[in-house]
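Shown below is the structure under consideration.
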Amino acid sequence: MSSDTEIYKKQNFGNTIGMGKKPALLIVDFVNGFNDENAFGGGNIPQAIKITQSLLEFARNQKLPIAHTRVVFADDGSDLNLMYKKVPSLKTLTENSKESQIVPELTPNNGEIIVRKRVPSAFFGTDLAPQLTLLGVDTIMITGCTTSGCVRASALDAMCWGFIPIVITDGCGDRAIGPHEANLFDLGQKYVDLMTASEAMEKIRNK
Amino acid sequence: MSSDTEIYKKQNFGNTIGMGKKPALLIVDFVNGFNDENAFGGGNIPQAIKITQSLLEFARNQKLPIAHTRVVFADDGSDLNLMYKKVPSLKTLTENSKESQIVPELTPNNGEIIVRKRVPSAFFGTDLAPQLTLLGVDTIMITGCTTSGCVRASALDAMCWGFIPIVITDGCGDRAIGPHEANLFDLGQKYVDLMTASEAMEKIRNK
Amino acid sequence: MSSDTEIYKKQNFGNTIGMGKKPALLIVDFVNGFNDENAFGGGNIPQAIKITQSLLEFARNQKLPIAHTRVVFADDGSDLNLMYKKVPSLKTLTENSKESQIVPELTPNNGEIIVRKRVPSAFFGTDLAPQLTLLGVDTIMITGCTTSGCVRASALDAMCWGFIPIVITDGCGDRAIGPHEANLFDLGQKYVDLMTASEAMEKIRNK
Amino acid sequence: MSSDTEIYKKQNFGNTIGMGKKPALLIVDFVNGFNDENAFGGGNIPQAIKITQSLLEFARNQKLPIAHTRVVFADDGSDLNLMYKKVPSLKTLTENSKESQIVPELTPNNGEIIVRKRVPSAFFGTDLAPQLTLLGVDTIMITGCTTSGCVRASALDAMCWGFIPIVITDGCGDRAIGPHEANLFDLGQKYVDLMTASEAMEKIRNK
């Protein structure tokens, strides 16, 4: 991708926004079904969950606002949509199915926001943006899966909604590495700042 | 990407939605600045404009609803946003700047919708979705640039808003080919049907 | 209000839109708590539920798309918002509380959409608009409570989202009659067509 | 309305939210056409403009973020919508028509946000919410017209988007006094804090 990078540089893409004053942590779709290669998982998702575990602990210690997302369709299928037509097995993700529960390592605490959604972005058809505005959040650190799907869509919408988006590169995973990397490239060039979990924690500690 | 494709197949991604009953044509950001390698253009964008020209003619003959998008920031910079921080030269795209005008080959006719936007998606912060709902549209064929930016974001949002999204592969272009292809892969696996302009016209003619 | 009406007439407000081709029925917040004078109910809400019962039966016979709304806050209060600050007792409306269950006369059938919301409009922070677009709906008949609250907000947003809004005057109720009437006036002058349930059924039968 | 007020009191409506830390001023639709009794104006709109003038001056001195709205339809009518069907003369409000220009007393300064919209709410189909989030705003003081139309819709959406909404009672006007008062009642009971311009300025000065 070296020649790809060149034109982005020439056209002055890829500038840095910087960490804001009040960051939140958004963990996208780390549910059992996306941590299972036989459902929607695979690739580097397990490692990303591990990294997210330590970032979640850090966020709790720092009293940062925390939000988790799950994909949840109605038991009777009354809200199945076009994404379901592309990926029919998504309909197994219902309120009480094992697949749609957040992985045990990242079980939400009381008071943490849980967003139920039916499309990639955590912000679409949900009240996540108002909740975070109400909390005075100006920056959203994003981990989760998949990088090429719900993470990208959520990071893009975070930017659109006026929150500084920081994608935690090692806290995001995907079923396949090609799309993982291609999407981090797009995100970093055009929409978000990319940081590792350590870099983000360092920046917050030093504020 | 052969091993990438394998896991998507195994997990039953990439199904087809099919053409609806009332398609519209959405042309994303084919403005002078994105057709100029020294601004935001390059790659296969010129060819995609050519293909779009014939699809636009077809859509006009068929009396399909047509919408065009432009990126337009205020002259005084009062609405500059986070995307501008990643890509500062976007601020040159103002109402009357040459760079923000739709390319001459695709000049909108009277009665065609023109959407002014400041983020990637044609649907974000605009009333495009209501306008198309009002017109009874159920399907949106999308061409434009860049595939890895505003086309992808608009196609994803089209799906989220309940419109069958069809991305016209040869009617979309990007400043670099790697991201163009990576994004067509993501889109086709998860969110949209991919067709060439000829295939789409064929399907509409045969309804 | 006779002089009020005069200036609206002079300025040519209050025109009629007409019934579209594919109507849906939206029933707003007819839950136990809003049918209880000691919670959020009172006024003419019980009569409006009765009228809605017959309209719901009609809609089921006609196979019209049907959606119900409930106000639902998280058990742990993690999503309490500004409306809660104005009306603190709303926090009793949780997933399993008796007050937030749809009244027995209007229990949803399988396949009918159930929208959980935390603000007045059925469309805000929900995917109701996309669901109805996906079903090809062009018109929304609205009943529910309260007229001056969630009905008005939902009717206005229906219009904004490009759906012809028809407010069923005798299918809407409010805890107090002054606001009920004042809001029907505003709605009819500016945003929606007003019909009784009988008039709406007649129009649909005669299509 | 004394008996109406009673039930709201009994059900514990009408609590106060309070002024936040970073207020903005939103001036809704004070354009020539809405200050002309022969177009869309009348009633107490002229007085409300006068009050808004002093609040605008105050906001500028205090360096508060300021946003103005206008209703603007395309010259070719390509974006006429359902509100236009209820109120056809709205189509005269185009980019350069005299009627759609902000009244001279309130001419925006460079750097103040100008929102073009086609429905009542300043937030619907616009990027006002993200712009204010980006500026760190947590409170929106709202003046404008009409109280029963675009002010109410904008104030409600401000609340929905997570901004503390303060409606400036003497800075809002309507073509008829009945709806003006009925809507201030609804707003104060359910969605916003009501203050006069003097009260709001006092609160900000004393922070």
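Think of it as A, B, C and D in the order they're written, each chain with its own count starting at 1.
In this text, a contact is a pair of C-beta atoms (placed from the backbone, for glycine too) under 8 Å apart; a residue touches a chain by one contact, two chains touch by 3 or more.
Source: prediction; values computed, not measured.
Participant: Can we say the copies chain C and chain D touch using the same residue numbers, with more than half in common, or are the two sides different?
Facilitator: same
Participant: Could you see whether A-B or A-D has the larger number of C-beta contact pairs?
Facilitator: So, comparing the two chain pairs, more contacts are at A-B.
Participant: What angle of turn lays chain A on top of chain C when you fit their CA atoms, given in steps of 5 degrees?
Facilitator: So the angle, rounded to a multiple of 5, is 180 degrees.
Participant: Averaging over Cα atoms per chain, report the distance between chain A and chain D in Å.
Facilitator: Chain centroid spacing, chain A to chain D, equals 35 Å.
Participant: What whole-Å value do you get for the distance between chain A and chain B if each is reduced to the mean of its CA atoms?
Facilitator: 24
Participant: Using the touch definition from the top, which residues of chain D touch two or more other chains?
Facilitator: Those would be 81-82, 119, 124-125, 127, 130-131, 134, 160, 162.
Participant: Using the touch definition from the top, list the residues of chain A that touch chain D in their complex.
Facilitator: It comes out as residues 127, 129-134, 136, 138, 160-163.
Participant: Going by the contact rule at the top, pick out the chain B residues touching chain A in the complex.
Facilitator: Going by the criterion above, the answer is residues 1, 3-4, 7-8, 11-15, 17, 37, 39-40, 42-43, 81-83, 85-89, 119-121, 124-125, 148-149, 153, 156-157, 159-160, 162, 164-165, 175-179, 182-183, 185-186, 189-192.
Participant: Where on chain B does chain D make contact in their complex?
Facilitator: Touch residues, chain B against chain D: 74, 76-79, 81-82, 110-114, 118-119, 124-127, 130-131, 134.
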